[in-house]
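In the two assemblies presented below, subunit A is common to both, partnered first by subunit B and then by subunit C.
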Partner chain A sequence: MANSVETSSSETNLTVAFIGNPNTGKSTLFNAISGGQARVGNFPGVTVEKKVGKCTFENRSVTLIDLPGTYSLSPRSADEMVSVDVLLGRQSDVATPQAVVCIVDSSNLERNLYLFSQVRDLNLPTVLVLNMWDLAQTRGVEIDPKALQERLGVPVITTSAHRKIGIDEVGKAVVAAIESEVKPPPKLFPAEFYEEIEKLSNWIVERGGEPVHFYLLERMLLDVRGASEESVGKQLTPDLKEYLGEARLRLASSGCRIPAVETKLRYNWIREQLDGVLTRTTSDQTASVSDKLDKILTHRFLGILFFAFLMFLVFQAIYSWSGPFMDMIENFQGFITGLVEGWMQPGMLRSLIVDGAIAGVGSVIIFLPQIIALFAFIAILEDCGYMARAAFLMDKLMTRVGLSGKSFLPLMSSFACAIPGVMATRVIENRRDRMVTMLVAPLMSCSARLPVYLLMIYTFIPASLFFGWLNLQGVVLFAMYSLGAVVAIPIAWILKKTFFKGETPPFVMELPPYKWPSPRIVFDRVYDRAKAFVLRAGSLIFSVTVLVWALSYFPSDHTELFEIETNIESITATSPAIELELETLAERHNQLSGQLIRASYLGQMGQAIEPVVKPLGWDWRIGIGALASFPAREVIIATMGTIFSLGGDVDEENPGLKSALMAAKWPDGSPLITIPVALSIMVFFALCAQCGATLMVIRRETNSWRWPIFTFTYMTILAYVAAFLTYQIGTLLAG
Partner chain B sequence: MSTSTCSQVIPLDLLQSSECGRVVEMVASEEWLHRLQELGLREGVTVRMVKTGEPCILAVQGHRFTFRCDPSTMILVEPVPSAA
Partner chain C sequence: MQNQSEILKTLADVKQVGTTVRIVDVLGDDAVALRLMEMGLTEDEEVELLGFAPLGDPIEFSVRGYRLSLRSSEAARVHIETI
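Right after this comes the complex of A and B.
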């Protein structure tokens, strides 16, 4: 049995892991120490966030690893196993930590020390950080850190990370902990338990297994169906399960019942350690400020009313605040187009740059301000503690369809993006609930749909005001956002009645106290998401756009078109005769562009699929746009930008896609996009599974192709039917 | 053992708003029980009912939890006089 962790021989480079319960200010402390310069990624094979920062402790360079917030170190899944693997040096992509910093909430030591007591069993140099020290004092909690340090046998320091108090002490304590001898972890369990660990270790080695760390052996015995069993390798696991079952029976017969024994003994130990060290001068049994706020915010009616009002406000705000920023980006796009057209002669390359790259990518980037506003709102609501209350409120509604409030948070974050939403379903313990949540998450209106809605709404929905302040455009946007959520209700209900039958599971969730959102955390989240959005526009969307450009450029002959363009651009003088000539030239230009794009590969493909999309009110150009956006739905904007720019619909004065769409016509001269068509496009995009990345994440999370295929099929059929009904009913009403 | 004057034991969900109770017994599936105990809801702790209902809000050692049982879970508490 291995009792200690092999640490790297390098004396100057240190690796230190941070671990702690959720809501203990762990990330704030991490950021304060690393100076906010953290690299964020994923641990390979799992979706656990890997956050690594650099700093120096006492002139030694240190790599800091921020492990995900957790209440315990009892791994039940591969995800939870990552923290244990990192701490034991079993995670190949990070160095073995020489020390662990366990961060706890000072005002709640009794519970937070549970995790600490498990960390101690790892037998690593450990520092206990009593964070939120200032808060504990205002809450009437008095702790004697010196006495606690004596009892626990590890350095204990106090910090108030959000005020940057005590930050430097952490480094000093870590170095001191590494340099002094580690005291062996307290033996909390009865002797029989340690004998079983010894036996288990021998059992594994006898069967040719590698020696296993003491802590993993402990977890194998304590966690029924835990993830630590996998660590002995595939051949041994089936036998091991049987062996562990017998071992647990032996322990039970000697009065050591698993898993109850662990919590009982650890909490007893904590009580002994804190006896006389911690005193509470005021009782926690009175209502706090958060409780008073919760009286209203979690109220059966007022709470829901507030929630609905808040959501509505978010959409109105996203809608009206970002206008000026969008104009700025649009002007910049026009400026760049003008610049390129000034430099280059009309030709294939100029067409690729102007019609392909600038018109395509530009029409997506323009929506960056809204994306930023949406992510900022979600980050603020999460960080101030409101989201947990929203989950509480929604539990009542969720139980109606057989889910619990736990499903609310993944669904809410799917409004930003379904990918983190699907990953967030991991917090749902119940497998059936998790599956149902995952399968309806892509119906939530993600930020990639926002550009589609906005383009259609800005261009085709009149900005009439109701009651003097309620903008019709905002109302339509809100309706589009609600559509996916409303449709998800019957879908979830059906799934819960058919594929995933089962009782409504119990529900428990912490409600953190309300606090002011940290600008740093909000900024970081928004920055990450905005960066991802721009990168996507620059890579995936750019490639699809160039492909669409090539398909709509070839195989037609553009010589005559370029001649006309050269002619138009060479005319500088203005006189009535020349104006007239210019007008005929422009008319010929647009007519020719239209012919050329219809004759292109894309045009041929488009006309082949037109019968399918005609019932939705679409022409072949919209149909092709929708088809091209199956990998990523924002592509619709870019492809339409390219198709309509190449097709000559773009107004020379105003190169934006908006005016091109307004000018677009059917071959018979009637306007292409009317209000029912715009609505049918929006409804289609609201419900369709046009996101390759989300389907891949579902495939990874369910470990089967069945569910992504299922999601894709049901959503696409739903989208087609709903868009069809929208257009047909809309036309009836309008006519 | 405490010899409180009102030492009757009631299910947790029968506590009234802002009433306190000491948990005396917890019946639940093993996994669920382990989870609740890790979160601090265990025998011997005093909880305060912040808000009744399904789910309810409980104050357990300075933290707030929202909590809803399934039919196979039973948490029995002994009401204690509130500090307030």
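Right after this comes the complex of A and C.
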């Protein structure tokens, strides 16, 4: 669509691909250049994220493609093949890139250049970006970029993407690289290898195949059971497989043992290039600080203690720090409601706006402070390098349930939101590990559950202190957060013993040196995720809220109710007689609204399912709240707000949902929500798969309906049983 | 051959923190072997043992100027010689 507008500039439109190792700041650089306005989707047929941004380099409009972080360009699966296909213009939904930008971590140049040396063999205009330049300097790594540029034959620039330093140079270097002639890639392999490539090329053409790119021929020879031969030789197999086997044998007999030869020759070449260009000063202060820190943080006793303390601190802290902000939002909501009620007469539209829209969206937004606090903690831990240590510390434990330390990060992220968590399972190379991690990730207590916990805990759990500082409310919150993780252990174990049996996959992981977290990176991540949460709250939750409002409003006749409301609002003077009249009116109002909601569609549905939820200690209102929350669990607050405020349980002095819940009663007058009921609600929400978006992401990632349906079923049964036990045992103990 | 493979030691046999050893070979052509080599564990390269995770596994090494974590089962794939 945009193309039709830019007909005149179509000739100058460039496509540029970004590639780099994980943790090189590639995405930060990508965001800095594209202004954070990337479109995120999936490459067709595979589970690889496609991130495309727009920008301008030297007055030429540019399409940027952010390829997934990788240590090498030796595709072993269809997913890994995508990057090679994009770079070689074989991916039909992306234009062939005119240039490739290879982003490396300057403080870990040697290992990072391995990918660069493969990218070089693509024979495309290439720019090498030495990112995290500031970090390398503080770590005593001295690099001469000019000398490196001379040796490598490509433009070399230095950036510190998280400080937006050197960003403009990237565009200039890319345009310069495109406009100048590409120097042929260095020939790292012995002559025999290039002869075999020539032979392979001829062999394919002789059999009627299309001519194949040099890099793919190289990969076909070097990658035993790789994805390139699969991708190229669809018509030629099994002949091709046989031919490649023989070719590799010929190479081995001439001293090129595959696959070891590639890594050995490339690393030798890298060392030659860096000789005299890169020096490490011995007075590396930060490294020794990092070493000392590591001694403590990965210590067999202190490390675990610190880890547990950190996790506990996170939840205690977000709990107390967010309070003032929550109050501010609540006051603002009350202010807006007051304004609307001042402008409008009681009626259907006002009811929709106040009880549907404002109440619904407001009671979700109110939890933004906690969510921001939680995401900030996760972003800081990731950026300072602690997350990799957490995986290192947790690996042995995770292997007990058949997973690896790499599953820790996706599962930890799922505490914020299962959607990025499920997507983060992409770092797990092993399919079985990835599947199990994905299927238990929704059990982790995501931020959308936080509102339910907070509401229930603030309202029903006493804020008594143990030892003078340990708040009972914090303890219950911690217990709820732990519940999903604890339950996930036997579930993962069972899944590993049944559906996903197999050998233990590799655990080869980089432990980056500790650094101070970058405020910009932390801010960007928090902003991104908070925005996503609010957008979901704004669209999905809004529509569900209005639907629930409609179900609870119709088909009853509200004329009398509105008359009473108009009456109440018209009375302003205060005298004992008028106050008495007000009280009578209010009583009639509550009674009437109770009748109305009971007669509504929602009330009818609720009463029908009450026998099912009664063993959990719930009445039909809570049951309806849970039912309405299956598309998105955030909705529970909005739904309950709508149900309880329309139900006339609102305390006039404090129009919050908390007081409405405390005032809620069974028909016999006993309080509806006791501590066992509050716990049963929380346990249900902790374990239930009430998130359509997560299930959709699982579908997309597994490319099958089977797994989202499986996840939904097992979690719902689990949630029901656990909530049942919680209520029954809780009642016994309390009784 | 039988004799030689008995004499060969692997990275998993290194127990003393701070020991530096030299890589002789990484065995196999599977995903684990390839990843080990891609991460820079290649012939003649020197590796230092930095420490063990609290439960004894995985193991932290220093190679090519960065820190790498391997499980003992993976470290056992890397044949080494003492210096």
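Heads up, the rule we're going with is that the second predicted complex is superposed on the first by the 506 of 735 C-alpha atoms of A that agree within 3 Å, B and C clash if a C-alpha of one lies under 4 Å from a C-alpha of the other, contacts with A are read in each partner's own complex, and residues count from 1 in each chain.
Here is the rule we use: contacts are C-beta pairs under 8 Å (C-beta built on N, C-alpha and C of every residue); 3 or more make two chains touch, one makes a residue touch a chain.
Note that the structure is predicted; figures quoted are calculated from it, not measured.
Of the two partner chains placed by the overlay, subunit B and subunit C both lie in contact with A:71. Using the contact criterion defined above for the overlaid structures, shared-chain residue A:301 touches subunit C, although it does not reach subunit B.
When the shared chain is aligned, no partner comes close enough to touch A:292: not subunit B, not subunit C. Shared-chain residue A:263: touches subunit B and subunit C both. With both structures placed on the common chain, the touch criterion links A:108 to subunit B and to subunit C. With both structures placed on the common chain, the touch criterion links A:513 to subunit B and to subunit C.
Residue overlap on subunit A between its contacts with subunit B in one complex and with subunit C in the other: 71-72, 74, 108, 110-111, 114, 224, 259-260, 262-264, 267, 294-295, 298, 300, 388, 391-392, 395-396, 399, 405, 429, 504, 506-513.
Subunit B contributes residues 18, 20, 28, 30-42, 46, 48, 50-51, 53-55, 57, 59, 61-71, 73, 82-84 to its touches with subunit A in the complex.
Across the interface of their complex, subunit A is touched by residues 25-26, 29, 31-40, 42-43, 45, 51-58, 60, 64-71, 73-74 of subunit C. Of all residues in subunit A, only 71-72, 74, 107-108, 110-111, 114, 139, 224, 259-260, 262-264, 267, 283-287, 290-291, 294-295, 298, 300, 388, 391-392, 395-396, 399, 404-405, 429, 503-513 touch subunit B in the complex they form.
Subunit A makes touch with subunit C in their complex at residues 71-72, 74, 76, 108, 110-111, 114, 224-225, 258-260, 262-264, 267, 280, 294-295, 298-301, 303-304, 388, 391-393, 395-397, 399, 405, 429, 504, 506-513.
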